[in-house]
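Across the two complexes that follow, chain A remains constant while its partner is chain B and subsequently chain C.
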Partner chain A sequence: MLRVMYFEQLRRIGPFLIALCAMAAALPVLSCSGLLAGGAASESFAVLEAAGRVSMYYPMLSCAVGLIIGPAGWQTDQEHGHVYALSLPIPRWHYALLRLTTGVLLVLPVVAALSLSALLTSALVTLPPGLQTYPLPLSLRFAATSLVTFSTMFMLSSASSRSFLIGAGALFAAFVFDSLFAASNQLDYSVIAELLFGTRSPFSFFMGVWTLIDV
Partner chain B sequence: MSERVPPDAPPRRGAPVRTAVVSALTTAAFVVAGLDAHAQRPTQYDHLREYWATRSRAATARWDEAHRAADTEFTDSVRVGPMLFLAPSGLAATNRTLARLADSAYSATWLPETGGWIRRYEMRERSVDVETVAPSGETVTHQRTQLMLLLREPDGRMRESASTTATGADSLWPIAWQEAQWALKSRATAQLAPELRTWIGAAVPVERPGAIDWVAGWKELVLYPSLPARSCSAGDVRACRVALALVSEADPVRNWYDPALRQVLAQRWLRSFRGNERRVQFSNRTDQVAPVRACANGDDDACVQFLQDRALGANMVEPGPKVLRALLVRFAFTRGNDSSAKRQAAYAPGATVEERLSQASGLPFDELVRQFAVQLRAPRQARPSRVPARLWASSLWCLCVGALSLRSTRWRV
Partner chain C sequence: MSAAVEVRGLGYKAGKTFEIRDLDLTIPTGAIYGFLGANGAGKTTTIRLIMGLLRPLAGTISVVGHRVPDESPSMLARVGYVPERPHVYKHLTVDEAMRFHRAFHVRWDETMARELMEQFMLDPTRPIARLSKGETGKLLMLLALAQRPDVLVLDEPTDGLDPVVRRDVLTALLDFVARDGASVLVSSHLVHELERMCDWVGVMDRGRLLAEMPMHAFKSGIKRIRLENAPAMLPQMPFVLVERDTSHRDERWLVRGWQAPMTQYFDGIGARVIEVVDLDLEEGFVELLRAGRDHRAATAGAR
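Moving on, here comes the complex of A and B:
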């Protein structure tokens, strides 16, 4: 059943998946394009700056992975009123687990494309002294954020309208309360943002240095 | 058991729209948060560090509290000429310093009346994660000294001038002098020994360097285009002495740089020049850009000419970043506990920079530089250790969220 679900979902998002893989493979190459083209390697600052210009696209791409693959797992069921799922002699959790596994399997090619590209690019470039390539931490960061985004989107897509409204309402109320609290206490920062992106949060991976090249 | 989707089931319109809206909103939140974070670019590291530091401080230190304290707590005062400084009675030493400061610094006749106060207080600050530069869970307590002065401007208006600084017990003096000097707009010179002040090249708060400061120092060193800086970052302690501008050099342009690095300096100069091109067009420097362009294109003779020209690149000729010197001063002056030795190191005349730093730290200078170099390299070695903790957090999140999506007693119709 997993195989059938996998190919059904692959057919649905195949073109998007190819595009995501291509973008994932292109980013490390773009961040070192000057060095790969045989440019001067003396200026560490310029090399770092060129890599930095591309670095903002890594988290955006990992968000896109979650955005596209997460909801796609439930799209067929939602379009057809869950008739197919209800006709199966398996409990819901089993069915949802199959959908979840299928999604994770579809995230992996994008992560693999980025990892391979990062490793190859790192092997090919000659960096100025003091700079290093970090293909493994970058790949781990990308894999983690893609999976975090994917799982979040998967959960949101699996929820009923009522659950979604309760969740969204709670979130909205929290943001309003946060703004009012900050305004009344003359704070210029958001407590929620700190909780979301603080060190112990799973979303903290979105922060930090998203770059293949660093000191 | 059929494994195909029934072809005759009517498609539902509402669910995909809702999913798309939820997806778009969530993704937009992630993207905005990611863009707003600034952390994606290592070159914006310092900016982000300041950003979070400001946010952390805003939560714990507020001026209105300071004002209330000034009204109620201060019982002692020091009057020097027309100036009145209010201070808590417990800070006798601070009062004396302030009196000395006022004696020496107050000379401008356009300040007919000045009042102010100084206080020392504890400030709680969240420590900052080295990698994400976001506040971590831990809280650290700093001793801070706040100096607030009321200045009367020449036109008669009163202006409030405040400066706050973190202090170690005996490292206060250089900061107090410099900041008070700034606050009083006096022409009096700072009391720090001239050779030390010239060598540092900037005002240095003598505060123990934190992990973020070491990371920033390391980045500056690695990115600095000079041979001593590169050798120092590669682990050569003797090169670190050169990079700290402690070894004089007869021909720095040729000995601190190779042709490629001289070219890099020209490229950096041109980059900053381009930013100011409109402004510079009105000056007579436009014609002088030709040798810089020639240098950037690989003409090494032009590079030497450019870097020896006082009007162009001579001020770029440094063996290492200034930040490194400031960091060494902070490192040396926050080691050890001999406060009289530190004061002597900061103010006593007739000693070299090496002797002063050695005296302040209580270490032989070579050992001080060695320990400094080790400390400087530490953040780089510590960097990968942050990844596993976040991986665990992410995995846990995926498991929890995955489990939540599995948990249901009915179909989501």
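Moving on, here comes the complex of A and C:
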């Protein structure tokens, strides 16, 4: 069952998955592009600056992974009012678990592409003294954020369109209220952002250092 | 008589206007049960309730001995379903859709599936999105039959198909039923199609089952009788009086469960039968719907 479901979903998002894998493989290379080309960026500051320019794209890519693969699990079923899924002779929880597992298996190639690229790039470059590469922490952070975003999107998109709109509307209203509250009280922090990205939240993975090269 | 599908006191509500109330329905094992009704009568909703796709508000549903929706997975393993609108994944090819379906159905018959694919002239490499309506209809029937079900639930399976495709699909269905002895629930508003293939019939209108009986009883038992001098108060009748129309000079009755010796009843009440008119299935169906609606309008007006 898992195999056919994986194949079914792969058929649907295959081109997107290839693009995501290509981007994931490209980012570590771009982080060290100056060094790989043997250019002048051999001074520590210049190397860090080059890596820093790319660092913002890692969380963006992991968000894209979740945003594309998460809803894809339910999209085909939602198009037909879940009729086919519900007429299959397995319990609903089993079907949902199969879809979730399939999604996780589709996230893994992107994580693998980034990890392999980071490891290879780290092995190939010679850094100025005082700098190090962190391929493993970067890969783990990317895997964690991708899976958190995927799971969130998977859960949200499993709801009906009506429930989704109500949830999204409530979240939007909360953000607006939070912004107005912060502005009127001259606060320099957001309560929602604190809740969402605080240390106890699974989204806190987004808040760390996103770089392949650091001191 | 054992029942393949048994529905008792079914209740369901959708929106503010549509409601199914106290629906009783029985499909005998091995029967081909035609489910007749106008568009919007509640056939598809009833079928979805039987398939466990919707949760009833009241009543019980049993399909091949499994309670629905509590035992839906084990029930669905024995039921082939062709829904009103194609539900398979359009980005898959015919062959991929068959492999997907096969993975979930332990009784899947690959030989039969390949035979049907050839019989229906379906190209296995063709994406479902590019199939014609007729080809999609054939594929849905193939998927339902090749899982070798004990019960087939077909919701307007030939709706919108051309006569050639319709004949192909129905031939495959009847061959399967003859070979495997499956029970079939087939809904349609194409009365003549059901007349040829069904041995039981249920007529539904506005969420209620107006009649349920063997096809031969339905075809022979519904009559329009023209008579005169009938008294206003009628004693117990040996048939079911569906409608009594007194707006003409001679009265017109629509009766169900009619048999020829019953003319004696009219002698007993001092009425004279002018004519007993046979109705074919379509006429009987239309008359039943009309009478049912008139009766409901009168009941609502009386309130």
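To be clear about the criterion, the second predicted complex is superposed on the first by the 202 of 215 C-alpha atoms of A that agree within 3 Å, B and C clash if a C-alpha of one lies under 4 Å from a C-alpha of the other, contacts with A are read in each partner's own complex, and residues count from 1 in each chain.
One rule holds for everything that comes next: a contact is a pair of C-beta atoms (placed from the backbone, for glycine too) under 8 Å apart; a residue touches a chain by one contact, two chains touch by 3 or more.
Fair warning: this is a prediction, and the values are worked out from it, not measured in the lab.
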Name the chain, either chain B or chain C, that contacts more residues of chain A. B
Go through the superposed model and pick first if A:87 touches only chain B, second if only chain C, both, or neither. both
Answer with first, second, both or neither: which of chain B and chain C does A:97 touch in the superposed model? first
By the touch definition at the top of the document, which applies to A:211: first (chain B), second (chain C), both, or neither? first
Just to be sure I read the superposition right, which of the two partners does A:121 touch: chain B = first, chain C = second, or both, or neither? neither
When the two structures are overlaid on chain A, which partner does A:4 contact: first (chain B), second (chain C), both, or neither? both
Which holds for A:149: it touches chain B only (first), chain C only (second), both, or neither? first
For A:76, using the defined touch cut-off, is the partner it touches chain B, chain C, both, or neither? Pick first, second, both or neither. both
Overlap of chain C and chain B interfaces on chain A (superposed complexes): 1, 4, 8, 76, 79-81, 83-84, 86-89
Note which residues of chain A are touching chain C in the complex, please. 1, 3-5, 7-8, 11-12, 76, 79-81, 83-84, 86-91
Of all residues in chain A, which touch chain B in the complex? 1, 4, 8, 40, 42-46, 48-49, 51-53, 55-56, 58-60, 63-64, 66-67, 70-71, 74-76, 78-89, 92-93, 96-97, 100, 129-131, 137, 140-141, 144-145, 147-149, 151-161, 164, 168, 186-189, 193-194, 196-211, 214-215
Under the stated contact criterion, what part of chain C meets chain A in this complex? 51-53, 73-77, 81, 83, 85-92, 96, 99-100, 103-105
List the residues on chain B that touch chain A in their complex, please. 1-6, 9-12, 15-16, 18-20, 22-24, 26-27, 30-31, 33-35, 37, 39-45, 54-56, 58-59, 62, 129, 131-137, 218-219, 221-223, 225, 230, 233-234, 260-261, 263-264, 267-268, 380, 384, 387, 389-391, 393-398, 401-402, 404-413
